[in-house]
């Protein structure tokens, strides 16, 4: 399995609009179609956000239900549901999609931070305890999102307390305003803090996404790509589809003499059980 | 000035109680007496928190006023007033002490984070903008407290926007649960992120405080010590006074062939103007 | 020029034999043909070693003369002549090829080290002083090869003494037995030691060459590839030509939204003057 | 044992002369007296170089024999004999002192390098193989001196080949011209390369010796001090005795809540057997 690299595609997110990139998929049908194309191109995991009718990020359960059902009807890509879609949702609303839909993975944003220099992205300790316990209860693997080293240290604390179960799986997010910047040095540093038996993935937001992608692969990590994090394929050139980013990852993975993991291989690497 | 090291003493903080260490000063009189002793021992800056009658941390203006007046009556130590004493205070209450009392420095906690795995230490973007502008308006130097790299990157953003004025002065806080851990590696890494013309200081909380103190000095930084961050002088041995920690710093500074900065020298190093 | 990356091809070296890879070019004609194909594929610099009739590395002047003449007859690729071909040659023999043939660049191995756990690769201080002065005299730019941080510090010393002229150009060599190992972390660390106005390139030897290539590009460095350092394109799959490695670099450079520098652009970036 | 720190004193070395510091001990009697005083002050290991009648470094066996006998007559300090005293000695002359006198430790300089920008400090692969085997044969523990990361990687290679026996013990030397410079960052980096079960010590040469000493202690390493590496206690103030440096270490060790290891404790930490 050492030569298999998991590509996660995050097609949509909560930030990118049709104004940023007209090709970003926003409705359940658009998202499911895009995920399926990415799956065909080599993505093993789909990280899912949904939008309301106005295109705003939401934790609306029905939107998740529809999106997930459409994806599952098409392929067996590993589903990873966000717990952080939009603002103004309470803890239960944030957890309901993974509790009801039982994806193999859901995101676990392991701390609170200022967000985009405009608001607070809140994941307070009470929520994190509740979230970790609920994920264990329903056997959904937490993807521990780390925007700053303190969040990784939080995860180690929760692992010690039994709220997170080892081996941990981390997703390093570099370049979100308010978090650690997207530099090669920061990525290497974050990796140095990992516990020994952890698995990990990383991505950079915006124009540094390709250098971070390359270094992540060079360091032996798994990768996340897609329009949640990046509208442009190159400076001044919008991506036509999330597939463009999957193809880029695949190109790099092959140059390393490795291969994209299939969904089944991703399940084996991350210790996931297919539940639905 | 290259061989002068600024010792900040943080005698009280918001956490340490008489149960933790019976020698922690809590009343204005106790704090002022302790600060004066630390000044005599070589501290150049006093970082001030106050407590209410029950010993809880507070932003109560009268307590700050009394404490600062008592200190100023005794010595010309540089005064650094917290903007983060206790919970439940609004933005104006957090700012009033420095606005009215005009210390040379006040703390600027440059982001929001989970705190002690129990609550959120909130310094949202709106507050940080307001705080930075107010500090410039009244000519109080921000001590930019950094608990995680993201906070340093926030500071660079605020500097670019003119909300913080360069040269910036940073205080690295290592070992607060929720923030970056207190390791030598983390300190060296944080230092690598500093802008070129910045000044900086650092401290570690709890049992790693002395290794962090030594490395800070080895790296050419200024230092903060005191019962806000540490009750024990050695494992199992409570400090009798904040002076113990000042003396330790002084011992280390002298072994390096350097000297503790006087308050006047600290003013010169940090570009402070004595206003009162 | 910020989006131009210099590809150096090292087609031959002193180590790789036809037994390692039957496609390695060894005669002047083979080398010049291979260099020309690499030039057409996007290489801007050719790092030249030659071999004697038995295939052993040599500083034989006639071989260099013939090889360089053949290359110059075909294209204007920047020529970089080794000063370290084979063992048993004296200082003058090591310098004669660049002194007589006036390439734009020659290698400057900035220290002595154990080599391959079998012998000593000697570049003693007397030689380094003589070499640096001679390169200035004939206006050949030193490519400072660094196999270990001490060699970079040596270069800073020689720059201070005027034996090397700033801006310096470094080539980091990772993975030569006896030198620093080929890890992403080591590369990032070496880069952190560079003086501000330096240019740099890097490569990894053997199986870690692609991760090092990717990270070098991610860090904004220039790159070296070729059979001097690597026989295999992938594990178990020999390269058919040095062009394979140039193509790999080009693929990666393009994914970053950059372009391979032309020889003229490489001259501009490195401050070279075409002399012949 | 976790709170015991081994102080090695290197009283003499091969470089420091009476002109550098009139208090440097050079004769067997002077060295033995100085070692004894350092032992009384808290040093657990004495690293021994000797000088000829003219004060030049030498591998002269009789000088070692006399020096070691005088020390052993006074105290049970752990003896560590250099294998690199002076130039012009053959392999057997370099090994004879430890082979005949059976100290618990001898130095193992794990590579070749340019030295002081004037000569080559040669420890070629043939010598290193012979030296490692001989040390195992006579049960003398190698202190692996590392002047650059390549030397650490050499050691890992020799450990794999069985020429060095694990657990390895390293001595990091920072600041020797030709090797890695004496910076806190370099020390932290070197430590990051250590194999897990290794023990280690470090020192900086010259004016950066105290910052390196502090950081070594902060990182949990053992320390080496003395006039071999440093003539000055402070800028412009010569050390009166090697004891001054031992006292400095002791002061720092105590501030950390630790204690200097006794010779017996040092033996336990390093797995040494007292043979004489």
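Every chain is named by a letter (A, B, C and D) in the order it is written, and numbering of its residues begins at 1.
In the analysis below, a contact is a pair of C-beta atoms (placed from the backbone, for glycine too) under 8 Å apart; a residue touches a chain by one contact, two chains touch by 3 or more.
Only a predicted model underlies this, so the values are computations on that prediction, with no experimental measurement involved.
J.: Suppose chain centres are the mean of their C-alpha atoms. Which chain sits farthest from chain C?
T.: B
J.: Mind checking chain C against chain D and telling me if their interface is mostly the same residue numbers on each side, over half, or mostly different?
T.: Counting shared over all numbers used gives more than one half: same.
J.: How many angstrom lie between the centres of chain B and chain D, each centre taken as the mean Cα position?
T.: One centre to the other, that is 40 Å.
J.: How far is the middle of chain C from the middle of chain D, if each middle is the mean of its Cα atoms, in Å?
T.: A distance of 37 Å separates the two centres.
J.: List the centre-to-centre spacing of chain A and chain D in whole Å, with centres computed as mean CA coordinates.
T.: Going by mean C-alpha positions, chain A sits 51 Å from chain D.
J.: Residues of chain B that touch two or more other chains: which are they?
T.: 185, 192
J.: All pairs of touching chains?
T.: So, checking each combination of chains, I get A-B, A-C, B-D, C-D as the touching pairs.
J.: Flag every residue of chain C that touches chain D in the complex, lowest number first.
T.: Residues 111-115, 117-120, 122-125, 128, 147-150, 153-154, 157, 177-181, 185-186, 189, 192 of chain C touch chain D in their complex.
J.: What part of chain C is in contact with chain A in the complex they form?
T.: 184-185, 188, 192, 210-212, 214-215, 217-219, 234-235, 248, 251-252, 255-257
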